[in-house]
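In the two assemblies presented below, chain A is common to both, partnered first by chain B and then by chain C.
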Partner chain A sequence: MAEVLFFITAIGAITGAVGVIAVRNPFYSVLALVCHLISLAMLFLLLRSEFVAAAQVIVYAGAVMVLYVFVVSYVGGSDEPISANTGRGFKLASVAFALALFVELSIAILGTGLQAVSSQGAPYVAGFGSPAEIGKLLLTDYLLPFEVASFLLLIAAVGAVTLARRRGGLETPEELSRLSVLDITRPKITGTMAEGVGGARRLEAPAPEEVV
Partner chain B sequence: MDMSWFLVVSALIFCIGAFGVLTRRNPLVVLLCLELMLNAANLALIAFSRMHGNSDGQIFAIIVMVVAACEVTVGLGVIVAMYRRRVPIDVDELRELQG
Partner chain C sequence: MNTLSGPLAEVSYYEPWWIQIIKAIVIFAVILQVQPIIIVGERKGLGRFQGRYGPNRVGPFGLATPLADIIKLATKEQFRPDSSIGWMFALAPVISCVTAIGAIAIIPFGDTQDIFGTPVGLYGIDVSIGPLFVFAMGAVAFYGIMLGGFSSGSKYSFLGSMRAAAQLISYEVSQGLALVGVVMTAQTLSLTEIVHAQQGMWYIVPQFAGFLIFLTASFAETNRAPFDLVEADAELVGGYFTEYGGTRFTAYLFAEYINMCVVSLICVTVFLGGWLLPFGIHPPGWVDPFIVLGKAGLFIFFFIWVRATLPRLRYDQLMSFGWKILLPLATLNTLVTAIIIVATD
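This part shows the complex of A and B:
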């Protein structure tokens, strides 16, 4: 039973991975990656790591891929030629590189001195890979990496907002004179998105032309 | 199932991702291929974790997931900024970092 499940999910994962690089439209690449991630989560379940599988589906296939879909539909993923226009030689070289990498990794895996690689794995202990065990490890042995990871996420969020924010402010008169119900209930210059990018200031005095 | 099967699948996915990074031109797809490579590494980590009956590998995999999420947010932010500035969205055309 485990073998059948393994082959179904492994074929799904590899097909998804091939789909990511073989499809012209980036939107379909994202969808192929979602299939790949879900198959991979099932492989994780076969390896008895329940928590990572759940996190993979919820965080990766759920949240990160939604971000991708938003950006692809914003930037407008148009059909494009798959291969680079740098010539046939480069493509052949990259095929050779990928094949050589795979052969080398396979030799390293199959010819390893580790006896356990060709075993079924360690005997299963109840609770292995459960959220309780992962949580205990994260809050005891791996507390420092856990905190560093949370800081990294904070920095990445701030960096993404800084990189992708709208720099020019609100330009058209309709945008500047847009009113909402909230304008009555709160005082001026207290934190709307429009004021954040300089909309309210422009109403009073025309700001100098910003360097783009 | 032998653990070597999982490791071979992981190696194959990693190579597909590396091939995609080398050949594709759209930075969005390059980011997707980086995700493929990180996920292949995750699969290998979890296979080793199961092999030794030790949960530490799963913690590694979770941290890799966090790093991948950070990379995605910053990378997509850069792509959106490129789109705003009408820079061609093509990794072959981009030759300098200075805005």
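This part shows the complex of A and C:
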């Protein structure tokens, strides 16, 4: 049973990975990546790391890829396939990078992975891959990488907020003063449409009287 | 279970394959049969809330209404717009259905029972990751809505699925964080063990804030009113399933009601003590599933009640509520719970 599942998910993973680069339509390309990520999660399940499998689906398929799908279907323009016409130097560089990656992966696989092919593989230790075990490792042995990674995510979040706030909202004094009645009547806990389109800037803008 | 051998013997939820299959069929059949009850309950309930009778023509007291509904939907023509993408259009409702049903697998309806000498857990599987399984299913369920809206080739469908994308991501975070408090208190992710840990006190008491946050986020996650902007019929015709008809539309409807069931059952398991009863009452084991379903019925009634009571939010209100109020509250709840646990430990 495990062998059958392995081959199904492995085929799914490889097909998905090939599909990402082979398909010209960006929307299908993103879907192929989703298929690849879910297949990988199933492979993690076969290795009994349920937590990693769930995290893979929730974080990648559920959050990251959702944003990809969101953006691609909004602005991707599925009518215009990605152009293959790129410069000569770009092609050379891509071949060089692919070769470097291939050599690197070959070293990694030949160095470690193949030793387990003819044997039974690593024994299963009770509790391996459980959330408790992973949590323990993250907060002891791998504390520094864990904190560095979370700091990186924080930087990304702050950067995203900074970029998003640069969008223009309501500018002129007339536009700003028009909203004052709404501010009184609306409950304090709710947002406004103005905030939704970047109108939060008006807090920094000078009051209408001073301008006039 | 100690007679088992083989590579899966040390995994706690492993039972003989035939028991697994029977359990899967029974659980699916029960949940499937609950859906018509919910549908007729919702329609009659909404009627009463709005000062009218509700359906009362088909069968005694109108109880056969869902049967007529299903025959009507199943015999309708399968149509799709010219601009739609055929295979994706057909696949999307299937994804929604499969993930909704898949999430039921981990709901515990009772403790391990001795049925004719074989120990059988009254749940599909007892996974070590517990609620994360439901969130994983919810993550994939999103593609059912998204692909359905995108492949329809219609602007209303597309807008509905865009709203779904933003809404589901925003509220999933709060929903997950609300459960972290419970998980920290129970010191486990397994849903059966969370129920066992509520032996002394149901978590609705110490985790009341978490309960409220989870319930609120659940309304958004299941696209129910007042957070049903995904299918806001006054603005988007029908949202992501505008172009759907016949059995495919039924599949979406089915998935939505199953999702409501799943969320109610999770709420019961995590906050209302699952199959446990208060005041030290210990009924025999076969009563457990009825207790769980009964408690879930309370939540489903609450869902219907809220739908009849509250108006739909505006889209920016939904977003600012999710990110500026619910998420900080959920984080605060987690933080305070952690501090209390460490201080009293």
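List of remarks:
As a convention for this text, the second predicted complex is superposed on the first by the 124 of 212 C-alpha atoms of A that agree within 3 Å, B and C clash if a C-alpha of one lies under 4 Å from a C-alpha of the other, contacts with A are read in each partner's own complex, and residues count from 1 in each chain.
Convention: a contact is a pair of C-beta atoms (placed from the backbone, for glycine too) under 8 Å apart; a residue touches a chain by one contact, two chains touch by 3 or more.
Bear in mind the structure is a predicted one, so any value in this text is a computation, not a measurement.
Using the contact criterion defined above for the overlaid structures, shared-chain residue A:L45 touches neither chain B nor chain C, since it reaches no partner.
In the superposition on chain A, A:F102 makes contact with chain B only, not with chain C. Contacts of A:L138 after superposition: chain B is touched, whereas chain C is not reached.
Contacts of A:L37 after superposition on the shared chain: chain B is touched, whereas chain C is not. Once the two complexes are overlaid on the shared chain, A:V69 sits against chain C while remaining clear of chain B.
Which of chain B and chain C touches more residues of chain A: that partner is B. Chain A residues in contact with chain B (one complex) as well as with chain C (other complex) are 2, 48, 51, 55, 63, 67, 74, 124.
Chain contact summary for the complex, chain B toward chain A: residues 1-9, 11-20, 22-26, 28-29, 31-33, 35-36, 39, 42-43, 46-47, 49-56, 58-59, 61-63, 65-74, 76-81, 83-85, 89, 92. Chain A makes touch with chain B in their complex at residues 2-3, 6, 10, 13-14, 17-18, 20-21, 26, 29-30, 33, 36-37, 40, 43-44, 46-49, 51-52, 55-56, 59-60, 63-64, 67-68, 71-72, 74-75, 77, 80-86, 90-91, 94-95, 97-99, 101-102, 105-106, 109-110, 116-125, 128-129, 133-134, 137-138, 141-142, 145, 149, 152-153, 155-157, 159-164, 166-167, 212. Residues 7, 10-11, 127-129, 132-133, 135-136, 138-140, 142-143, 146-147, 150, 158, 161-162, 165-166, 168-169, 172, 189, 314-317, 319-321, 324-325 of chain C are the ones that touch chain A when the two sit in their complex. Only residues 2, 27, 31, 34, 38, 41, 48, 50-51, 53-55, 57-58, 61-63, 66-67, 69-70, 73-74, 124, 126, 130-131, 189-193, 195-196 of chain A touch chain C when the two sit together in their complex.
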